[in-house]
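Heads up, the thing below is written out as structure tokens.
Chain lettering (A, B, C, D and E) follows the sequence in which the chains are written, and residue indices restart at 1 in each chain.
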Amino acid sequence: MKKLLAGMMVAALAAGLIGCSSDVDGEGKKEVYKIGAIYSKTGPGSPLGEPEWNATELLEKQINDQGGINGVPIDIILADDESTPEKATEEMNRMINDEKVLAVLGSTTSGASLAMKGIAMDNEIPLISAGAAVGIVSPAEESKWVFKTPHSDAHAVERIYMYLKDQGLKDVAILADSNAFGASGVEQLEALKSDYGIKIVANESYNTDDADMKTQLTKIKSSGAKAVIVWGTNPGPAIAAKNMKELGMDIPYIGSHGIANQSFIELAGDAAEGVVIPTGKLLFPTQIPNDDPQYKVISSFYDSYKAEFGGEPTNFGSYGYDNIMLVVEALKSGAKDPEAIRDYLENKVKDYVGATGIFTFSAEDHNGLKADSMVLAEVKGGEWTFKK
Amino acid sequence: MSSLLQVKNVTKRFGGVVANRNVSFTIEGKNITGLIGPNGAGKSTLFNMVSAVFPPSEGEIWFENKRIDALPSYKIAPMGISRTFQNLQVFKKMTVIENVMVGLHTRTASSLAAAAFRLPRSRKDEEFIYENAMEVIKFIGLEDLIEVDAGNLPLGKLRLLELARALATKPKLLLLDEIAAGLNHQETLEMSELILKIRDRGISIFVVEHDMDLVMRICDKIIVLDQGEKIAEGTPKAVQNNQRVIEAYLGAADEKELTV
Amino acid sequence: MNDSIQFLISGLTIGSIYAIVALGFVTIYSVTKVINLAQGEFVMLGGMTMFSLIKLGIPYFIAFLLTVVIVMAIGWLVEWAVIRKAKGADPLSLIILTIGTAIFIRGIAGMVWGKNSVKVEPFTNDVPINILGASITPQSVWVMVFMLLVVLVLYFLIEKTMLGKAFRACSVNPTAARLMAISPKKMSSLSFALSAGLGAIAGLVIAPIMFPSYDMGIMLGIKGFSASILGGLGSAPGAVIGGLLLGVIESLGAGYISSGIKDAISFGVVLMILLIRPFGLLGEKNVGKGGL
Amino acid sequence: MRKGVQSFSWKGIAVFSALVISFPFLFSSSFYLTKATFAGIYTIVAVGLGLLMGFAGQISLGQAAFYGIGAYSTAILSTTFGLNPWLTLVISLAAPALLAYLLGHTMARLHGYYLAMATLAFGIVIHVLLTEWKSVTKGASGFFGIPKIELFGFTFRQGISYYYLVWAFALIVIILSLNIIHSRIGRALRSIHDSEVASGAMGVDTGKYKMQVFIISSMFAGLAGWLFAHMSYSISPGSFGLNGSILFLTMVVLGGGTSIWGAVCGALLISAISIIVHTAGSHVSFITSDFEQVLYGFIMMLIVIFLPQGLVPAIASKLKKQKQKSARANKVPAIGTVKGDQNV
Amino acid sequence: MTSSILEIKNVSFSYGPIKALDHISFEVKKGEIVALLGANGAGKTTMLNNISGLLKPASGQIYFKNEEITKLEAEKIVEKRLILVPEHRQVFSTLSVIDNLYLGAFHHFKKTGKKEVDQDIEKIFDLFPILKERKEQLGGTLSGGQQQMLAIARAIMAKPELLLLDEPSLGLAPLIVKEVLEYVKKLRDDFGVTVLLIEQNVSASLKIADRGYVMSHGSIIKQGSSINLLDDPEIKEAFLGHTVS
């Protein structure tokens, strides 16, 4: 019995050893910059994580093809956390202690990012997350080593509220996914409503795998809402759009940046017409004005991404892009250790033009974006069009 | 002093089928009582009611002046009733000694917490259990097999194991359900000797059996069931020559009487 | 008032789906005493196969029939390759076995079809119909029609045909059935094929409503299982009642209490009903034990 | 005093402890250490679930809920209310136990598939509450800012110290469980599994012990939750849903619920499999986490079909049969020593 | 010369450690009624289950119409028209009487066609009028005797050449036993069905049987014509144990 157990342990360990040995590199190799990147390539977060993963692969190649950073190649170690905090924890420890990376990028989901945050703080390694939750970079005193590049939900909400104010719509309803993405959106929608004089007359949610949302929409309909804000990623919002049409609800449908992709339109079909969302500009690189400061960055990233992978990078691709490029900026400036990279990010990144927006980090703000990094898009004729 | 076990007017129905109708009998102390009857006569049903597998539909069962017919089966073991099973309900994945040790469950009382932390109470109980189990095993004659998984035993030993396990509870009344089923002649003989030996220890025994040799040899009193009803009661000899019993077993012969 | 009608219609639509899935559970259970927790995967396979066939350019109606046939074949295969091999296992093992099967099928589906949701066109146009101020889409009507159709066909099959009698015979007394030359093994295969077919139909009718994806089977399977338990295992009318009840509770719970905790409400109700009636609404007391 | 009868073999524990202690020295990699730490946490849950399934014969499709209650109890109390984690450990044990006690009365009336449904429903209800009771649990994004465990001024952080902390608890749980199954109550429980009728006739109060084991298993899950919460900076409801419950189930099924070591092995093997897939995945492109899921499903099917009692009991009984064969051949009846580990 | 329709050669069978059949051999000739007698636990039911394919012998062979059926599945053996009426009758309790009868015809239903099967059912109703009265009633709600008749009727629907009857008198009142056994005789006389019957009701069964075998502890200990067996004093001993003198 015990022998058996011991045998099993040894077998498991042996399997591990084989894994280890392949990672052993000879000493005295020439210098590389090692960066870790953990994204959700699989699992429920994969629609978000995949463009981030792809963008990371693409950029590593591009940078090294161009001779690296100041002549030093960059080595990005990619890992999939399968959208779980446990795997993210394991990978984060590997990145920091085994791979000895200078900084870690990721992860896609808030839960995983928060789990990684604790480890980054313990080990004093900079972490740049692509997660949505505000908790990733706040409170500031607990987030010294953690940054994030995605449009904060707050920005998206501000953008929406500004639009609603312009349109004179005060009474709104929320329909949000009950997952982390939706929850984070709702939190900001609630937090910022009074700043814009918005009244939330109905606050509904749905499960990611719900087939039908007519019940929630009926409630919204009766609540007298003048617009409905739907916060989630595909396919939920598409079902909501379809259900609204079926219920004959013609109030404006405001989406989140979670559906800033072509597949939303494909799924929702006609029902997508007129849907307005806040989004990064990467959604329609050809439509943004040439004089936009981000124009060059966005169009070149978009083109090379499309050429490499065929699909759209979506907003999430831009987070993957900016996460790397910010570290690369720091490395370029000569920051070669984790602390220097962190310091550079916090103090030197001012008006940096990224794919997501224009970043200005500070000790209090580790997100660095403003609401104007987002624009509004509307579905017209089966396509996302630049609205404002 | 009244009888050890009293079955009073017991009736059992399953759905519409009456398995036992108005059966009454008593079992005295230090006695072997047999329950026989043709297939389908309701022996098992009656036996199961006495061992509290299920309650009777009507009637009462008393043991040592306590009414037991509504009790769950686990409550009658501590009172002094124990049984074996015809279809061998040994704990197959446990060793012989562990099987017998389960029999001593009701004679100890240390709690789960005591067990988990191996408190002195638990240790003392375990020692008591082990010693008593060994004693019973030696009495039955299974001491060579204590470490063997019950599932690997041959039939004869399984029957002995069931007996040992039942004895470990220190019963006043031992119920044996077809204890000789499947045994060969020699084994059956040995079993009867063993049963008599147990009786001599002062334990009352109630057997359901279809091996007539065994029943006739060991029983002090026999109760005969047919069609759910008691049709005869008495000494083996009386029962064997009772016309109703012969009919029940061999069928009524209306034209040509069976002659013996 | 209009709201409650709308809630009811939504609840009945989704409840009809649960009912079809639950009938799949019952079909297998009543013949084999196996609860097939991979039933939801049959639903998923229905939706995804339909999508693929249409994408291949196969006409809608033919794709529909083909889907049912393909999924039935998979159901038959599952019985033959997996369930039959574990003959006589207890319910606990069977639950684990079919969960394993579900995970396996789902994993393969994820690799074959990818993770994204797909779209399947509705059977007929999607202009909603107005009833008492509530709106109902033609597809929702189809869902209910199919549910009733399935119930009718099953009723006819079980009550009026020799095959149905053989099914019932196997369920009451497999040994006696064998003595009538009815092979419980064959009936077990057939019941799996049949219930896979039911799953496929559920997948087909719901596909235009909910954008199928590789993992849609989990929740539908669980809801179908709940519905069949709620109604009482092995009871077809129970499954239908359970399914509709679950759908309506969910919808009313979301409508009048909170959409966030609607699942907690519906499963809370399931727990409570089990507390009051440990054998479901129409269940018999002696069921609940497994084994072929 | 006859040691053999009253306790299990300490040798097994000693060998296993030695392996546990030496692991970090053999494998300094932080990745393995983290994996092994999680494996320890899972072991605690699996041992509890193994007791429930293998010894009380009850299924639980909602074990992750107890795990989650343990984790959230401590997270909320130690963060929001600033209580010392050692203090909240009591709550992390008591809260699942209380719930199990209340639920146990319902469960006691249910059997087979109905029981499976009830535990499944319970798991879902708890998961929904963790997600939706935002004011307390901070909702789906996760609860964060959980303090670390401290002992005499030493802070347990992820890494070697936490590894040892977790495995110290895991070993305690294993020893307690072995103690239980080698006591009168353990034998009673095992007897229930073989023949409930016979154990009833031996005076074993089946319902009482099933309830006790249900409570114990929920407490173990709660303990694991406590360890998990304080390991990480944050916890989120996703870790405590159906997937988690099924993962625990897989561990027990794989290793074998009728043995404490089986549950331990199951937890370790599942962790090992994920390491192997991870390693293989970096070389072979189609081996992804999707493949891992397919593999889990496949393993569950194979085990139920070919080794329904699980790996460890299957191998143990084979070894034992051999031993008994050779013992019989040598005609050496082994009297007086009943080795405890034969049935574990 | 009457050929044997069923031949049992050296069949043994064990339930785990319990040996139930020990090298049993016997035969049944076409057109006979043969009774297999013995006390509880003698192995009679096990024998019938081995013949019908529900159990598989550990060793030995079974021939039906000179064809070996030892390894055939129960379902296939039914198709060869060897039908067992099992112990405790085993009617489909939640199916109606008429559905029970239809199921009897399951193996030849397609070949025979519904019309003919319906005619067969009418014939059965002539034989057992009580079943006609109760045809819509559920099998489980019938009385014991009626269930026994239904079980036999259901077996007849399968068009048997050899009918195995497992204790048709079990749990029935003496009058009903007589009635049931009368039907069995009628089956042989009017339908030409060969019957192998196991019974503990010795006198009643030997009255209708041509020959009998007596089993004890898994072996056949005695055989002979019914008349001879009825007169044999050892029979009583086999059933009631050693006579206490």
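Operating definition for what follows: a contact is a pair of C-beta atoms (placed from the backbone, for glycine too) under 8 Å apart; a residue touches a chain by one contact, two chains touch by 3 or more.
Computed from a prediction, not measured in an experiment: that's the story for all the values here.
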Moving only from a chain to one it touches, give the least number of moves from chain A to chain B.
2
Which chains does chain B share as contact partners with chain E?
none
Chain centres computed over CA atoms; the one at greatest distance from chain E is chain A
Chain pair with the higher count of C-beta pairs in contact (A-D, C-D)
A-D
Provide the C-alpha centroid distance between chain A and chain E, rounded to the nearest whole angstrom.
76
Approximately how many whole Å separate the CA-defined centres of chain B and chain D?
40
Averaging over Cα atoms per chain, report the distance between chain C and chain E in Å.
42
The distance between the C-alpha centres of chain D and chain E, rounded to whole Å, is 54
So chain D residues touching two or more other chains come to 131-132, 290
Multi-chain contacts only, two chains or more: what residues does chain C have there?
218, 260, 263
Touch relationships between chains, expressed as pairs
A-C, A-D, B-D, B-E, C-D, C-E
Mind pulling up the chain D residues that touch chain C in the complex?
53, 57, 59, 61, 106, 109-114, 116-118, 120-122, 124-125, 128-129, 131-132, 242, 246, 249-250, 253, 286, 290-291, 293-301, 304-305, 308
Please give the residue numbers of chain C that touch chain A in the complex, ascending.
2-3, 6-7, 9-11, 13-14, 17, 115-117, 119, 126, 128, 134-135, 137, 206, 209-211, 213, 215-216, 218-219, 251, 254-255, 259-260, 262-263
Touching chain B in the complex: which residues of chain E?
15-20, 39-41, 140-141, 144, 167, 169-171, 173-174, 177, 200-205, 207, 217, 230-231, 233, 235-236, 239-244
Chain D-touching residues of chain C, taken from the complex the two chains share
35, 82, 85-86, 89, 91-97, 99-108, 110-111, 218, 222, 225-226, 229, 233, 258, 260-261, 263-264, 267-268, 270-271, 274-275, 278-280, 288-290
Complex contact set, residues of chain D against chain B
1-2, 5-7, 176-177, 179-180, 183-188, 190-191, 193-195, 197-206, 209, 212, 216, 258, 317, 320-321, 324, 333-335, 337-339, 342-343
